[in-house]
């Protein structure tokens, strides 16, 4: 009687530990190519549902918190190994050495990114051809062709400015294995620190050529021209059926068993709505 | 009671200082720890005297091109920024109304607050383009572009420090010199510069460590080609190397470890240069 | 009465809106030591600084006229003026290099390049300032290592290198001990054969000892001028009388 | 005569370098402000990033809030630690060698690329101490980055306050602590504030240290210290790096620079009120 | 002979390896003014600074013993010591706050919080230093705006706020004009009724005017001690004689 408020207030507290096990927060980290896509999808998911109980009635009424950050594909794998994020985003295949450290690896292939050969729309090469053979590409990127004239005698005697992504990165790895093989890209190629910088370079310099991400090129329609490879155009169709070979998967990786909310979100990502975002960002969704 | 307070205060201060020092030391320790696998694996003659950086293909790890590029870009920046900065400090201390000096100085100071991403971006759009158009280069990314951009970023470090010293020199010597009938320019040349020599030097050193560590801005304008640097050619500095490849390197691989090793080498270079500079300075001031 | 080398007519000096010197008419004789005395803040230093226009460097404005050798100083180039009127401050300002370079600093500016002549300038003027014997073996030593009294004499010697006609000294001995003070007083008495000397001092005994003529200033005005005997023993003005009193109790 | 020529050349050098640096400074600021100005709208300042790709429409409010919070937090931590370090070095460190080594280490840290500091923060705080990626862990990482910056500047300011006054206070029988708190710090307050201001600004402009330790591409306004957050430089980095939107990038830069300028102004202002 | 308040036995002071003070045995009497004179650099300031151990703040090491009120100063807390021995430097060091805050700086530290008592401390001590009348309406003005002489008196007043027994003054008048000097001398003569005063001066006339006892130092040693009459008119030591000579020519 002396403390009338004390007793009834205690009852709900007892149940709380159960609720605590529900983690309303999901963390993504990794590929800078995939990160904006994932950020857009998660924003849609959060705006559509707000709290978890809207997603599934059995979930508690907690605010959905999905955080995406970008640090590169390597960071994506590293953060899952370190358990500092739930999902890693990787824009290449996961390597065997990495798999060893991820015993319960689950991969979710969200889409495909192709690397198109991009040049400036004013590049005179477009007046003579819209296709490069693999051999020509190798000669351009390895430095055997120094000027555009070496490629075609009718072209001006201007240095070919080769732009690549950083040689440790996922994009370069794909390009190396699918096109260059054992031949090394010339050492004095410009290494752009990001796809954005690579495309900016192509937009700014008439004589530049580089492998631009399909997605980023699609976001800059009109500012970048693309060339076919061995007669195959980098179109959605050719990418899906695999005839355009310079492509890489965009995957989310996870180690262990997904919790219910994590599963719910990944279901959303792989749904029509989620894949629509992948497509609208210029990448090729996996249907 | 009072003694007590003094002790508490002293302990708090000491704890704060120790905490900062520990954090700093931990950074060094961390870099060392992560780079050890690399030094175990790779020979010194390869990483210091080789000529190829190709961590994935042929697995060649030579830091030499990057070391040279880092030094080249930083020295270039210092050699551009110091004369301009010292001149500007003289200009502000002796040639500009005091009121404006303060305002101008705080603006120059604020250059240090502009994020380097912005600098890199502007450098790419304006500076690189400018070099491309004016120097008949295929592409403007170059050591020169890096040096020039970095020089701008170093202005505040040099100008602010030197202006403070010149103001002091002005208080001390200015009228005494003018009353001998010499011009104010002669005074600056003959009295102020020798007076400030030491301070100019110290400011240069500070700016130099800053230059060696700058990443984003330099990365966006030097082209990042791991080749031996030339003034109008492309180059890759150590910080750029780390930033470019760290995000994508495979965790715990030699490649990953080599990037920390590059960081360690950067620190060692800074230490060596500071050491040499202090020695030169000591000899000079004798 | 001997020749007048410098005089002021209606000299006023303002710092911004503050009127510091009010209508000063003073004249200084050639080859004499004139001492200016007065309470702190009365404008002695300002007066001295206006004579070679350094006051303008501190932001003061001069009006009225100052006549040097029958020429208005506004009509001569600043360099010429400061050449003719040397100045020494209370605390000696030696430049941060060697004794030798301190001494050649101004001559080199005026175009002297010949080594021998430069050497002569250094030696002669150091001798005049009674400093040569003490430093002749260490001319390349940084001047800042000299003692206070030596620095003060160096500064005086340095001001002689520009061949001034007049030397202004602002409390040159106040930071010095009695031994050094006595050196400098002796030196000034010798120098007055070649130069005209104007000295500000708050040491009345010093004024008495060395001055040929004493001026008493108060609140920006020149109250009284006279020989030391007149000023210290028979001051005309009541204000002078009151000030002098402090010396004697 | 020859001196006239030398004087003239010297004068040319001084005036030209003065004008060069001043015009470059003004040029950089006005270019950025001019380019960014068109993007500014209430929606841009008070909205969240929208559109596909994210950030091409909408605003940057969560990033403004995140940057201010992380800036203030790291300013607070960095200010306290920097001040302690500076006071220790100037007034309490009796061993000259220790002093020299601490200084040397601080100067060296200033030369470590900020990516490495970011990775260090990640390893120590997130992996080692099990903190979440959050405002807190990012602010601590930024603090590590700005400690040398702040403490070297404050040390200089403390050294310049008159040694005579310090000793004079001691000779009144007053211990160091009281003298430092009541005399030295108020005396150097202005410099401490401006150093702090520059430190905060430096922290707010850094991308790499927060990239691994707390910044995310999209979030709301952080409500707890343990929430991840959006930050202006990181937002800018994503916009520029993935080539999402150059215009929005300039707009973000505009806001960032306005904040930088205001923080500096505030620090100058606060520094000046106290010394009456 | 009156009571001795402070004495030193075999006092030596070193700066690093330089031995500045050599074996000084001196004793100071209560309620007397003792003046220390000697050539520049002989160690007068160092001697003064060693008495309240501030010399250690400059990096000097003290050996030998200093006895205050029959107690070795090493046995008392530093605060107590500096409380008992106040110090005033050559150029007045005012803190960058108002006059009032300068005066309450130390009392507040010692725990005085009561407004009225603080006011009393301020007023009483300013009166003792002959400054109250001049500043009573401007107590909140920044102290740095006071004239040199006023600042010097303020600093003395401030040092009285900690209730010292002894006041050390290092050339307190050398930057002042004669009027202010005379104020301060008058003040010291009044203060000696309550305090014991030790003053370093290079103004021998001043020593003559106010001191009860004069000490002559040279090259780190105490050469001679005596009444002003003895020292200035009948010095025993040849070195003293030579130094005194400068005053009289």
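Going by the order they are written in, the chains are A, B, C, D and E; count residues from 1 in each one.
Convention: a residue touches a chain if its C-beta (ideal position, glycine included) is under 8 Å from a C-beta of that chain, and two chains touch if they have at least 3 such contacts.
Please read all numbers here as calculations on a predicted model, not as lab measurements.
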item	value
Chains in simultaneous contact with chain B and chain E	C, D
Best-connected chain pair, where connection means C-beta pairs in contact	B-D
CA centroid of chain A to CA centroid of chain E, Å	78
Between chain D and chain C, distance of the C-alpha-averaged centres to the nearest whole Å	51
Approximate Å spacing (C-alpha centroids) for the pair chain B, chain D	17
Intercentroid distance (Cα basis), chain D paired with chain A, Å	32
Residue numbers of chain B (touch at least two other chains)	2-3, 183, 186, 243, 246
Multi-partner residues of chain C (each touching 2 or more other chains)	109
Touching two or more other chains - residues of chain D	3, 175, 178, 240
Of chain C, residues touching chain B in the complex	52, 54, 57-58, 78-83, 86-87, 89, 93, 95-97, 105-106, 109, 155, 158-159, 161-162
Complex contacts: residues of chain A adjacent to chain D	27, 32-33, 35-37, 39-40, 42-43, 65, 67-71, 75, 82, 84-85, 193-197, 199-200, 216, 219-220, 277, 280-281
In the complex, chain D residues that touch chain B	3, 6-7, 10-11, 13-22, 24-26, 28-29, 31-32, 80-85, 87-89, 92-93, 102, 104-117, 119-120, 123-124, 144, 147-148, 151-152, 175-178, 180-181, 198, 201-202, 204-208, 232-233, 236-237, 240, 249, 253, 256-257, 260-261, 264, 268
For the chain D and chain E complex, residues of the former touching the latter	162, 164-175, 178, 182-183, 186-187, 275
Chain C partner contacts - residues on chain B that touch it in the complex	172-183, 186, 190-191, 194-195
